[in-house]
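The chains carry the letters A, B, C, D and E, assigned in the order they are written, with residues numbered from 1 in each.
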Amino acid sequence: MEFASFLLKRALWSLLVLFGLSIIIFAIARGIPGDPARISLGPAATPEQVQLLRDRLGLDRPLIEQFGLFVGGLMQGDLGRSLLTERSVTADIRDTFAATFELVLVTITVALVCGAPMGVAAATWRNRWPDHVVQFVSIFSAVTPTFLKALLLQILAGYVLHILPTTGRLPAGMDFSADLTGMLLIDSVLRGRPDVFFEAIRHLLLPVIALSLASMGQIARITRASMIDVAGQDYIEANRAFGVPEHVRVFKYALRPSFVPPLTILGLQFSALIGNAFVVELIFAWPGMAAYGVRAILQKDLNAVMGVVMVSGVFFVIVNLVIDILVGYVDPRVRIRGRR
Amino acid sequence: MAHLSELAAEPQRLSNAYQNWYRFSRNPSAVIGTAIVIICILTAIFAPLITPYPEHVGAVVNFRERHLPPSADYWFGTDNVGRDIFTRVVFGMRISLLLALVVLATAVPVGTVLGLLAGYYGGWVEIVIMRFTDIALAIPGLVMVMAVAAVLSPDLLTSMIAIAALWWTWHARLIYSITRQTRVQDYIEAAETLGASKFHILFREILPNCVSALAVKTSLDAGFVILIGSTLSFLGLGIQPPTPDLGTMVASGAAFLPSYWWESVLPGCAILFVSLGFNLLGDGLRDMFDVEDVR
Amino acid sequence: MSSALLSVRDLHVDFTTYNQTHKVLKGINLDIPPHSQIALVGESGSGKTVTMKAIMGLLRQPLARITAGEMYYDGRDLLTMPDKERVALRGTAMSMIFQDPMTSLNPVFTIGDQMRTILKYADRRLGRTRSARERKVRVLEVLGQVRMRDPERVFQSYPIMLSGGMRQRVLIAMALLSEPKLLIADEPGTALDVTTQAQILKLMKDLVEERGLALLMITHNLGVVRETCSYVYVMNKGVVVEHGSTADLFAAPQEDYTKALIAAVPRLTGETRFGTVEAMR
Amino acid sequence: WAQNVVTMTTGQIFRSIDPAKVTDYTDYMGVVNLYDGLTSVEPDGSIVPALAESWEVSPDAREVTYKLRDDATFSDGSPVEAGDVVYSVERLLRINQGPASMLAGVLTPGSVTAVDNKTVKFTLAKNFAPFLAVVPAIFILNEEAVKPHEGDDDAQSWLATNAAGAGPFTLKAYDRGTRLTVVRNEDYYKGFPENPIDEVRWIVVNDEASVRAMGASGELTMTGPFQSPDTYDALEGMGYKIENHPTSSTLYLKLNNQVTPTDDVHIRRAIALATDYETIREVIFPGNRLTTPLPDTFKQFHADDVPEPKYDLEAARAEVAKSKYAGQPISITLGFLTGIKYQEEISLLMQANLEQIGFTVTQAVNPWNRVTELATKVETTPAVNQIFFSATYPSPDSMFHTQYHSSAAGTWASMEWINDPEVDKLIEEARGTGELDKQIDIYKELQHKLVDMQSDVFLLTQVSKHALNKCLEGLSIIPMRSFGYDFSRYSWNCD
Amino acid sequence: MIRPVLEVIDLCKSFPVRSPFGRLTGEVKAVNNVSFSIGRGKVYGLAGESGSGKSTIARMIMGLTPPTSGDILLDGEDIGSTGGSPAHRRKVQMVFQNPGSSLNPRRSVSQSITVPLHANGLPRADRARRVTELLDMVQLPASYAERYPHELSGGQKQRVAIARALAVAPKLLVLDEPTSALDVSVQAKVIDLLVDLGRQLDLTFLFISHDLSLMRNFAEKVGVLYLGSLVETGRTSVVFENPRHDYTRLLLASVPVVSAEEEAMRPRIPLIDGEIPTAEQLLALRKAGGGEA
């Protein structure tokens, strides 16, 4: 009950954030130069055709009115039509979202699952070689541009590791439609198709590595710092005195309390992650929402831009809400005392 | 006399500056980091003197010598129009460092002040500032940067504006959370009862508690700012040619991977070098500002 | 010496910071016979906690070094025994209670979880086997022994849900789980208020007597010493300056430092004269 | 069971596969394979039968009657009938996007009628000489299949993800933005060559390195024509064959005739003389000479007597001296497209040369949407712009009207801002006449006029390069959109 | 009659209680109808266990928290209007409960002591001299000015905090458990110093502690706080020798003592075994049991 009202309150704040977001995005979208109608119709369009489309899109109406229409549509889950694809943006996003969602989700998981132990190792052997290795690897992965990592991995797969595919989510010949959740890993299991599952993993591998390295490095560094902090706490010392062996102390008693900062960072980093997904999807021909978003911006596809940003905004808000709940799970102090 | 005996018991006193220096100089990463950063800055300043072909910064084309691998003449090889990559890397360092400097010099103070205000005053100030920060954080940075770059024409100044327009939010967040923890400390109330002004409390009492986090974050950011520039260039929204910047060079050289690998890998190494320097320096600064961590 | 459960001989410990070496312990001698209650008192910073950590083997290695001395537990040399055996003694043969109950419990695990883990590894080292159920029963039993009214509830609680007194009690229970022969307590209860502190001390005293443990209590509160311990070591600046039975020492302190210390205790009768402090230096 | 699968890369996405909405090169690649029109185009530009076996033009050129093939069927097996044609054209005009722009003012609702089941008549609202050349872009929809999905948007939503045509291939998968896969329609009415292609997969790949990686891994069968020379070299090294085909696509430096300094013809000529054509063609972008605005693939219309432009810095300086800006500092802006390597290289080369004749040069890289915006106003259109242009239908009209007619002003294709009534008159005259000889004369005159005023720097005509798997045959370039990628013309000749 | 320096009349303070997720669920009466006064140069002791409202009273006197109701008169002036003003700041100063946390870890001793000097407009040139003077007053060598708090022992920090509070020569000094973290010997030094300074500067003290032995030796009058109410007040000797309230007796019985005489003074009441009831529970018990004993 209490928790529900807490969630409700958070959700209301989130709505406010999303409303603010919609204003900003609306402003940005209108600010991008180029007449969307003309771009959409292509070079050969006649001025009459362009004017017709402008009228249909309401581009000549006052901005306030256009914004009202936009928000009104938003309420009903209608994001308008995409000029780029000539379909409703909602449908476009529905088609592409799952691919991005799967990519981002697997990336987050990989980043956590690999980053946290790296951080633990670095903290445990502080100032010794594992620490230096982790530090270097994380700096290296953080400062190599994501697109370069993606390209290098793709080249690696193309020239050396011929077993890994360089583009797409599934082999082109594979006959499978992910019509349950849109996520191949889940749908293939539900439909009992191990071959699809295996292929999906193979195709995910490179984009996920390219995308997760940066977050992994950050998580490793933050985990390291907070592990070192926690390791100095009395309660870890007390465990030592009570004879709890090192591995339990490190991996159980020190790890969990040090998990809050990396989790929080992960939530905040989320929009950066989506940003990088833009580039990674382009390179790996990933049929995702992020690549759709980039094209939408370049083509000044107003509705699509706003749609993508709104959806990723909602995604951001939800991820952070989930992380709040996770933090509450990890750290009962938050759950019991409440979030300040 | 009481205090004399106490003095005598005290081991030889180290000055604070010396202690800091000691901590800093004993920290290999800090020393290496400082060295790297100094090298980069000097290189950037003296670029025209160091480089073999300073004219290659401009519109020089020499198609007969395009795509040459690293050699004694061209240490880093040549690019697709036959310009010396080493020269361009060194000059690119100039632009990239400038970019980082300008972006951080605007984003850090803005973010810091807003974070301090939101964290200290709470209430409406907090709601307005932090909700706005939330909104800005929810916009995928790249979208924002691309949008700004698309509105204004893509050039150095635009890149800076676009990047700085979002960057402050991270600092605001960071400072805000530290300020909130600090605000409730007894010593802040103590300062209030002693009649300190708000300005004093914000900038003299709270801010010093943020410096080590700020130093780390800012030094990490230097690398990221240079990187964002490169991603922008990859999408074709970066700095105008023929001006070299490291990010743009990596991005445009990437088209020639893997055959002419030096065209993107070597400028990439330069970014790595700069960022590594700043990162190590940041770590060193953190250790230095951490007055209680005695090693 | 051979009769002592723990004996410390001429213990020296150095700390190194900024390349400077601080001699913190300069030759400590202690004897703790079985079933005895010993107090270690002294000024703040005199090295009490360091002594205790040295005994438990909890000093942070590169920073602190034991430069000289010997330590025997039950006749076995603590300093030369292999690391593994040393670790095996912690929690089973000797256990300790930390000073601050607020920070000594892991905030993100339930009391039950923490206690069960401790018991599990203590059992493992002692070669005992116990099922998870039996372990829980044992934990509840010990919680009952420290006078918890509702052990089951405490078992399921997170530290934040308990009051300071309850947490201190949990810490005691943890130390008692595997029935150690030696219990070291670093200023137990000073972080609590008087009424609670009084209760904790009474509880400890009762438990120690019931179980026949040896207790080494570190404190700066001479009132506490007088009420719980029979023998006192007084430390100052890294050395033991005086030791003797509590009654003797309080009645007739020999060393100036001890005299000053006793004189500085505010009396409930209101006759402490603060003018005497100067003499202490 | 061996299948002949072609995997081709493309740098752009398939925005639409609705024949009423396709606009660009990539879009047409999809519909050409999924749909058929009444007629089709051959590499030499001639119009050949497709769904229609014959057609008749009335003497006044206002009426064209097409007779459909008896055996023409849609991919679902139903016959193609006159009603389908009427439906398709009406829908095209209603939606009024894509190919409709070529028919603006020519066809109006009701101007297409079914004479009988297999005969349709087009009545033109005005004389329009290129009409026959435009018809291949009108793709015929299966009315019966579309009707149930019409909704309130003329089935736009449905046709955005489904195909209902009579083309040689049917849709298998369409991930807008990343890939389009089509499979062979065994019952295609025109049949296939021996060893036909069974499946075509287009993959959207934006990066040269990615294309090479795909080549190295063997995933790639065929590239598009816009890779960098290095990529072709690398792929050749991996065992791909490289085919060169001349095209009628052209690369210009469009000179804004109304802003300083390019408002002076001498300056425009100086720029043309300062252009190193050979380096551009040989090193930067594979191409053939271009001497007039019209590529010489339009053989009969091309003014062959115009001399080839020269690279001569001395002469360029002399031209500058003749201009009204002589002796003043001249600053100039070179515009080109974001992210297009060859354009950047050309621009740098131009900068280097122009600086030698005393210009101060600024580069203006802009993304496509911004270019279209800049092109809408004279003042914002940069003095020099690199523009790649290809014919949208096999007629010189497609080159001249869209680029040089004043009604086209304000678009990216006409950044010259010529605004010359005489030029307009000539273009309209050529459109209005049905006589070929007269057209030829007019177009030649037009070319002389434009060369004379140096409306643009005529850089080159593209030689399209493709890297293909050694087994793949049948690639030919057709001077209309991407009709050359109709894979029913291709075959797999190995084993 | 001379006006008392501080008069506290019917002071109340309640805090809203919020559920973990921020909903208002009730209020705690942290301070309930408390009245007392302190004459010039006197030491008034406020005793009571943790959470009984001692610090809250101190904070209200300092103007850090507004009272819910009641008046605080300082030199006869209601601080309701002047609380937190510079004039008020000059008259009252406070030494916070925890010496560790009331000094900014990032600021050196001299920087910390300069704060009130700066606030009072002392010219920059004179500040260093004054800092040395103040340090000397609390018997710290001048070289300590450049130290950071973590380099000081608990007692030294406490003395810095006192020096800082004395910088503006206040009339009233509020000491919130100034020795709770110290061992007896350091504590003795601090108290000694305070007695001394009080005499020199004619200071009035409000001394807050739960250490009754200390209180007995330092304060002339005491008040015993229990659950926010003053349950007993009077001359120290009287209250200690004849505690009338049950709670006072419990407190006295809990004091660990070092001599037989003291032991004889302690009331003999059995300690409650098991968990100490929380304040709320005690309150409930008391209500159920029908008021005070």
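We adopt the following convention: a contact is a pair of C-beta atoms (placed from the backbone, for glycine too) under 8 Å apart; a residue touches a chain by one contact, two chains touch by 3 or more.
On a predicted model such as this, the values are computed, not experimentally measured, just so you know.
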Steps in the shortest chain-to-chain touch route ending at subunit E and beginning at subunit D: 2
Required minimum of steps from subunit A to subunit D, each step between chains that touch: 1
By mean Cα position, the chain sitting nearest the middle: A
Averaged-CA centre spacing for the pair subunit B and subunit A, given as whole angstrom: 24
Between subunit E and subunit C, distance of the C-alpha-averaged centres to the nearest whole Å: 31
Chain centre separation in whole Å, for subunit E relative to subunit B (CA means): 47
Numbers and ranges of subunit C residues touching at least 2 other chains: none
Multi-chain contact sites of subunit A, meaning residues that touch two or more partners: 32-33, 151, 155, 159, 298, 300, 336-337
Subunit B: positions in contact with at least two other chains: 2, 150, 235, 254, 257-258
Footprint of subunit C on subunit E - complex, ascending: 49-50, 153-155, 182-189, 191-192, 195, 210-214, 216-218, 236-237, 240, 250-259, 261-262, 265-266, 271-276, 278
Partner subunit A, residues of subunit D touching it in the complex: 5, 7, 13, 15-16, 18, 21, 23-24, 96-98, 100-102, 104, 156-157, 160-161, 173, 175-179, 181, 199, 201, 203-207, 209-210, 212-219, 367-370, 372-373, 376, 392, 402, 410-413
Touch list for subunit A against partner subunit B, complex: 13, 16-18, 20-21, 24-25, 28-29, 31-33, 135, 139-140, 142-148, 151-152, 155, 159, 268, 271-272, 274-276, 278-279, 293-294, 297-298, 300, 305, 308-309, 312-313, 316-317, 340
Touch list for subunit E against partner subunit B, complex: 62-64, 84, 86, 89-90, 92-94, 96-98, 101-108, 111, 115-116, 118-120, 139-141, 143, 146, 148, 150, 161, 164-165, 167-168
Subunit C residues within the subunit A interface of the complex: 56, 58, 87-92, 95-96, 98, 100, 103-109, 114, 117-118, 121-122, 125, 158, 160-161, 171, 174-175, 177-178
